[in-house]
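Per-chain residue numbering starts at 1, and chain names A, B, C, D and E are given in the order in which the chains are listed.
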Amino acid sequence: MTSVSIQNLDLNFGSVNVLKQLNLSIEEGEFLVLLGASGCGKSTLLNCIAGLLDVSDGQIFINGKNVTWAEPSERGIGMVFQSYALYPQMTVKGNLSFGLKNARMPKQEIEARVARAAEILQIEPLLDRKPGALSGGQRQRVAIGRALVRDVDVFLFDEPLSNLDAKLRAELRVEIKRLHQKLGNTMIYVTHDQVEAMTLADRIAIMRGGLVQQLASPDEIYNRPANKYVADFIGSPAMNFFEGQIDADGKFNVGKLTIDLKNYDFADGTAKGEHWLGYRPEHVVLGEAALSMPVHVEAVADIVEPMGSDTLIWTKIEGHDFRIRTDGQQKVAAGDRLVVGMDPRFASIFDKTTEERV
Amino acid sequence: MTSVSIQNLDLNFGSVNVLKQLNLSIEEGEFLVLLGASGCGKSTLLNCIAGLLDVSDGQIFINGKNVTWAEPSERGIGMVFQSYALYPQMTVKGNLSFGLKNARMPKQEIEARVARAAEILQIEPLLDRKPGALSGGQRQRVAIGRALVRDVDVFLFDEPLSNLDAKLRAELRVEIKRLHQKLGNTMIYVTHDQVEAMTLADRIAIMRGGLVQQLASPDEIYNRPANKYVADFIGSPAMNFFEGQIDADGKFNVGKLTIDLKNYDFADGTAKGEHWLGYRPEHVVLGEAALSMPVHVEAVADIVEPMGSDTLIWTKIEGHDFRIRTDGQQKVAAGDRLVVGMDPRFASIFDKTTEERV
Amino acid sequence: MANNAKTISASGVEPRGPKPRPMLSPRNIMIYGTLFIVAIYYALPLYVMVVTSLKGMPEIRLGNIFAPPVEVTFEPWVKAWAEACTGLNCNGLSQGFWNSVKILIPSAALSILIASINGYALANWKFKGSEVFFTILIFGAFVPYQVIIYPIVIILRELNLFGKLGGLVMVHVIFGMPILTLLFRNYFTSLPEELFKAARVDGAGFWGIYFRIMLPMSLPIFVVALILQVTGIWNDFLFGVIYTKPDNYPMTVQLNNIVNSVQGVKEYNVNMAATMLTGIVPLIIYFASGKLFVRGIAAGAVKG
Amino acid sequence: ADLEVTHWWTSGGEAAAVAEFAKAFNEKTDHNWVDGAIAGSGGTARPIIISRILGGDPMAATQLNHGRQAEELIEAGLMLDLTDVAEAEGWRDVVHPVSLLDSCTVDGRVYCVPVNIHSWQWLWLSHQAYADAGVDVPTNWSEFVAAAPALEAADKVPLAMGQQGWQTSGAFGVINVAIGGLDLWRKINVDKDAAAAASPEMLEVFQAFAEARSLSSGSNVQDWNLATNMVITGQAGGQIMGDWAQGEFQVAGQTAGEDYTCLPGLGVNEIISTGGDAFYFPKTDDPETTAAQKELASLMLSKEVQVAFNLKKGSLPVRGDVDLQAANDCMRKGLDILAKGNIMPSGDQLLTADTSSQIEDLLVEFWSDTSMTAEMAQERYADIIANAD
Amino acid sequence: MAGAKQPVRILRNLNAKIAALPMIATALVIFVGCTVWTIVHSFTKSRLLPKLEFVGFDQYERLWSTRRWLISIENLAYYGIGSLVFSLTIGFLLAALLDQKIRFENTFRTIILYPFALSFIVTGLVWQWILNPEFGIQHIVRSLGFESFVFDPLYTPDIVIFGVLIAGLWQGTGFIMVIMLSGLRGIDGEIWKAARIDGIPKWKTYLFIVIPMMRPTFVTALVLISAGIIKVYDLVVAQTNGGPGIASEVPAKYVYDAMFRSQNLGQGFAASTMMLLSVLVVLIPWAYLEFGGRKNGK
């Protein structure tokens, strides 16, 4: 069943058109991540769903009900904010129960719900503290709890982790994932951190300039990006690109390098003419093994970045910057000659002008 | 030759003792990274070296000269700040030449130096813009340029990349590395991002509470952390720890699991009693290969986080949280049974009480 | 349009697009109604001043202070400016106006200059005891003037500044110092410290950093300080009375003199014209830079 | 030299009088009168004058009520000694009554120039008001009180009174002498006799004062001359005010006896106080200024100036040897009383500023707070007198 | 210290110290020196000129047995409480109204703030004129037919201080409003969103969430208002001059009159010392909250 459905949504700030005829539908229990560069309209979209912004045009359905004009509190949504937005003068308990009290829920019921949420989130010992006396992670949990007690169908998260340090972020990411597994609610999660997106999402919607570029599973997005923007955006270090021509034989030529694309699954037969070829740094094979790859070429390591578990190597192939990611035990030094092996199956081809995947 | 040498440095803020009898010496041309959690005193140390803070006790030598009492501008250092600290009302050129003008350098010489720095950093076209009209990366380069023109012996960087987004950060990291290769100056670089530390450093100094915990090459720190703190701090996801006993046979026991440490290089013979055993998530081997490892054990995947290039698996072994990092093509789902293989050679053993490596 | 949407939704058609919001919702009526009444309360005295100052005495005696003038006359203004008498001096406010200008310019300039340097030193060049002096200074902001009026008379006498313009300027600088210093200190503290550090590494000294780095970045706070000082100094009465002599009386003191020198009947129209004339400088400053002022205040100028 | 002269004579009649000084000084000497008027009664002006003298930037001459106000300034050596001028010109012989000069004298040295005699003891009555109310113009205080209801019926205020403190305390002094008699007054003000202040006779004075309070209940003006103006225009029956009110009637073009009546000593006890204004000359280092100051001092006492000044001011000259042909009805009454020697010193000469302002505060409070009874006021009054020094 | 000379401590950052000299001088000579001088002389018998003839607490005893001083204190209390309560509430309410994304915000704000530019002298005179029963509001209402309407606060001793208060509020609330407005604007927008999602009505959000969050703003406003209250002088002088009678006297005026009118400096100094004391009563808890609290918080 569709949990949230957005139809032809337009949103203007004055004369600026931030969301453009956006359509999106989210299944019940799905974990959808909105991913995109800063300013692409992720928060705006989330606020529209929450009812915090008046849409300029279009409709929003939640659980089949048209909520386009409904008040935020009537939509059956809960929201977790980047700054947590806890009420600083109230205890954790007060924060959790304030909304319920306001809805004139019986005291007992409130107690029960707060207790349940506190248990789920393991914040029972914190109930009488004020937010000021909590750590970042604990605050985060209270913020989630506030949505939890309201027993909503849809959770909205607006970059809930981006104020935290890397370590905590990794931990809480796992916690949110666990929570989703436990509760099974629909969750819409905004982030611009691709690691979060990849690890959390059932599906990712990549946004750019108020439009959804690709809506698909993390795996699909990673391996079969719909266009060059998505391909470039996802993956760190970024995908390597070559600018070249595909000839009549289905071969991609860049400078002296020729890559045979016969194993590449073109959308419609083969393509010809100017194209981009993208290749992920981690799909590169080095050393002995490279020689057995369909494509191999020599290059000089320019910069070597050992990162413990991995090593990044920066080099140049046919005049294009080329990044290689290899495992941390590989000892390469700057200036070393390398044999670089690539498998065309892992490549992505994009049209030069439309930048769409072919 | 020693470029910067710090002897018994003490620094107090009021009654708070931030740096404690710190000793450090940095070779000429070395790239030293100060790494540590927030608040451990990294910036403080850097400011002491720069002369921006008055030390409470101890001495600082730069190029053999005692500069403990010298003004910042007389120390032969250049500094690049986290916020870049460009003078907003001056053009890029103005920013670059401000320090030289203060030193009453002849106009021609200033011109020449600015031109050279602009060329090195490829910011010639930006010279007449104001910082407000520059992108983050460009500002960063100007900030470096400001140190460059002054022809200093030592570059100090205080988290120069932490305000940038992930993509730009990766690019500029490489640029700084290139610059170091080109200029060959001594560089001291503060960060709390371990990827930066690992990739940039010749040596890393891991700081904690005003003390240096370990000063060694990235490789050494990653593979042979001096104590549990360092081991835990370095690596993402963090190292897995088991709490157990080493028996008389040199075997580590945790619950039903026994790990033979005969290949582990103890500092002095063998150790006995309560210890921690640390094992990095990326050294774990899964599937078929695991069975051939000296240690293997069964576990259930709790959470699976696909991250494109890698996949993180969260599981539990003998009651301890256990993280596994495996490559992105491995298809594991939450709930799957796994065989986990470990090689004791990659393990690290820490004393239970001192937490020092044994 | 809005009406249209309403009927559609009432007749069961799906909500779509922006939620209809009638212009005349009770909420809007409440908000704008309240604001309107409030605006009248605040604007009324100004209106009364203007209206009264444009009436002739007979019309005033007939008496509705809110009624617009039947016959507009500028005579009260002329009189207030150039003819109103205090004792034998019938020069109106004009002399006071120029006195005020003469007092205002050096006082405002000097007090802002000194306070900004103080604030800068306190924010960036803390030295031993600087916080103590600052605390005393802040305490000074709350000391009732009455406590130190008299000792200052003695100090001015000893400095041979009493009754001179310089003396009054000094008094204004002193009494403006606490609040302005606080303002500037807070502002300079809010500027990134790294900027200051960068400049030091670049070899700039105390004055170099102040003039080349800090000043060019401080326009908002200077505007706030300027407005506070201009209005404060212009509107000052107590110091003007105590520390000057009639030749140097600022406008407010002359205003009070003129208003209180009753000859025959009280000439309310002249009084109001005089009042307007006295208020006009700060009003102009305020109307011209009100937005900057509000922004400066919002920039944390008043915090802490 | 330019001589700056400060004073608080800013009402119409007063300003005209000061102009006489200025004119004479500018015309008869090489010096220049720089007027430093300070508006708003002595209460406002005195602080300014004193702080300037203390601040080391004194004016060349200043009005002050003579009496004890200047004592400390003189003791501190801040005032110019005029003894040489006084002796040369024989002030002791010309000033009449000589007590005026006494109050300028400290340890045998003369420090000020008395310029006029002001008496507080006058009741000014509006003929028009009484005509409108259809009663005769009263000839003494009790008639005045009796006629009040008729005035009130005609929508008039029986007694006009400004709201400034000195007016209230002045009126009290007048009632004190008129109702309680001079002896009682002397006991209290000269001997500081607290028992007298608490006596039943004094209670009568307070009761009369309370009556005056109720008669003035419709009088909302601040300034004394606005109150006088009420009498001039017939809105009020009368006003208790010193002889300077005369100037206002004059400026309004009214004639004594025709348009208004003045009753010295409230028509009960014909006596006038010999307070008045005096000019002091703060010391300066500049010999030229000093010379000019002395010239001004002697000029102020000169016959013509005395006549011109006092005619405008409505006060009596301090010289017994001038002839006031131009004096009007009221002034003549005053001169007559003066000639008969029915005089009393003014309060300023007897009480310190501190004591008199305490009394003033009390009276002002009494005046505005109708819940305070005569007895309550008297008790506190006696207290102040007991503590006076 | 091998090789390097240790510079003299005092000479470090010499320029900064030189630049701070005016401040140091002001702090020490004026604010400490003069205050101490005044306090010392409050124990003397000084009359017109300061004299060191000590009389112990005589001046204070007399002060506290003087009706006028007691009335002044009482008035200050009324005026102070009134202006605190009304400035804060009106200032906040207006700020909240202006914060509703209304049109003409600038116009309304300008109208409400302009009186702040005017001096108390001007304010006092205008309101004296408007409250004058013969010309002002009372007259207008009466001429509309309500013959028995009475509104003459400046002529009624019991309420005159509220007449002053009306003028004071007119002058000062605009500034408080601006401060409140900037405080409101400083509140994290996400708090508002969270409250809306929790379904909390606006007024409740203000009352239970926003106002508690604006504590620093309120403290700032409170301190500014208090500092103004204790100094109130010009307004009373221009509007009522303490009248009718002594019904609207205030301490600042008492001090001034005692020093210059009664020529009893000792008494004036004693009164001003009392004023200082009352400032400290306000200031010390504030300083404690602001600075002491901040340290504990971190």
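The rule is simple: a residue touches a chain if its C-beta (ideal position, glycine included) is under 8 Å from a C-beta of that chain, and two chains touch if they have at least 3 such contacts.
Since the structure is predicted, the reported quantities are computational estimates derived from the model, not experimental observations.
J.: Centre to centre, using CA atoms, which chain is the farthest one from chain A?
T.: D
J.: Based on the averaged CA atom positions, which chain is farthest from chain B?
T.: D
J.: Using the touch rule from the top, work out which pair, A-C or C-D, shares more C-beta pairs.
T.: C-D
J.: Distance-wise, how many Å sit between the C-alpha centres of chain A and chain D, to the nearest whole number?
T.: 92
J.: Rounded to the nearest whole Å, what is the centre-to-centre distance of chain C and chain D, using the mean of the C-alpha atoms as each centre?
T.: Computed from C-alpha means, the inter-chain centre distance equals 41 Å.
J.: Please report how many Å separate the Cα centroid of chain C from that of chain E, as a whole number.
T.: Centres of chain C and chain E (C-alpha means) sit 15 Å apart.
J.: Centre to centre, by mean C-alpha position, how many angstrom separate chain A and chain B?
T.: So the centre of chain A lies 27 Å away from the centre of chain B.
J.: Where in chain D do residues touch at least two different other chains?
T.: In chain D, the residues touching two or more other chains are 47-48, 51, 54.
J.: Check each residue of chain C and list the ones that touch at least two other chains.
T.: Within chain C, the residues that touch at least two other chains are 154, 256, 259.
J.: Out of chain B, which residues touch more than one other chain, so two or more?
T.: Residues: none.
J.: Help me check something: in the complex, which residues belonging to chain D touch chain C?
T.: Residue positions touching the partner: 4, 6-7, 9-12, 15, 18-19, 22, 34-40, 44, 47-48, 51-52, 54-57, 59, 223, 225-226, 229, 248, 251-252.
J.: In the complex, go through chain C and note every residue touching chain B.
T.: Answer in residue numbers: 192, 194-195, 197-204, 208, 212-213, 216-217.
J.: Can you list the chain A residues touching chain B in their complex?
T.: Where chain A meets chain B, its residues are 38, 165-167, 170, 173-174, 177-178, 181, 192-195, 198-200, 218-219, 222, 234-238, 280, 282, 303, 305-309, 312, 314, 325, 327-328, 334.
J.: Report the residues of chain E in contact with chain C in the complex, numbered from low to high.
T.: 12-13, 15-17, 19-20, 22-24, 26-35, 37-38, 50, 94, 97-98, 100, 102, 106, 108-123, 125-127, 129-130, 134-136, 139-140, 143, 170, 174, 178-179, 181-182, 185-186, 216-217, 220, 223-224, 226-227, 230-231, 233-234, 237-238, 251-252, 255-256, 259, 265, 268-269, 271-273, 275-276, 279, 282-283, 290
J.: Could you pull out which chain A residues touch chain E in their complex?
T.: Listed in rising order, the residues are 47, 50-52, 71-74, 77-79, 81-90, 98-99, 102-103, 132, 146, 150.
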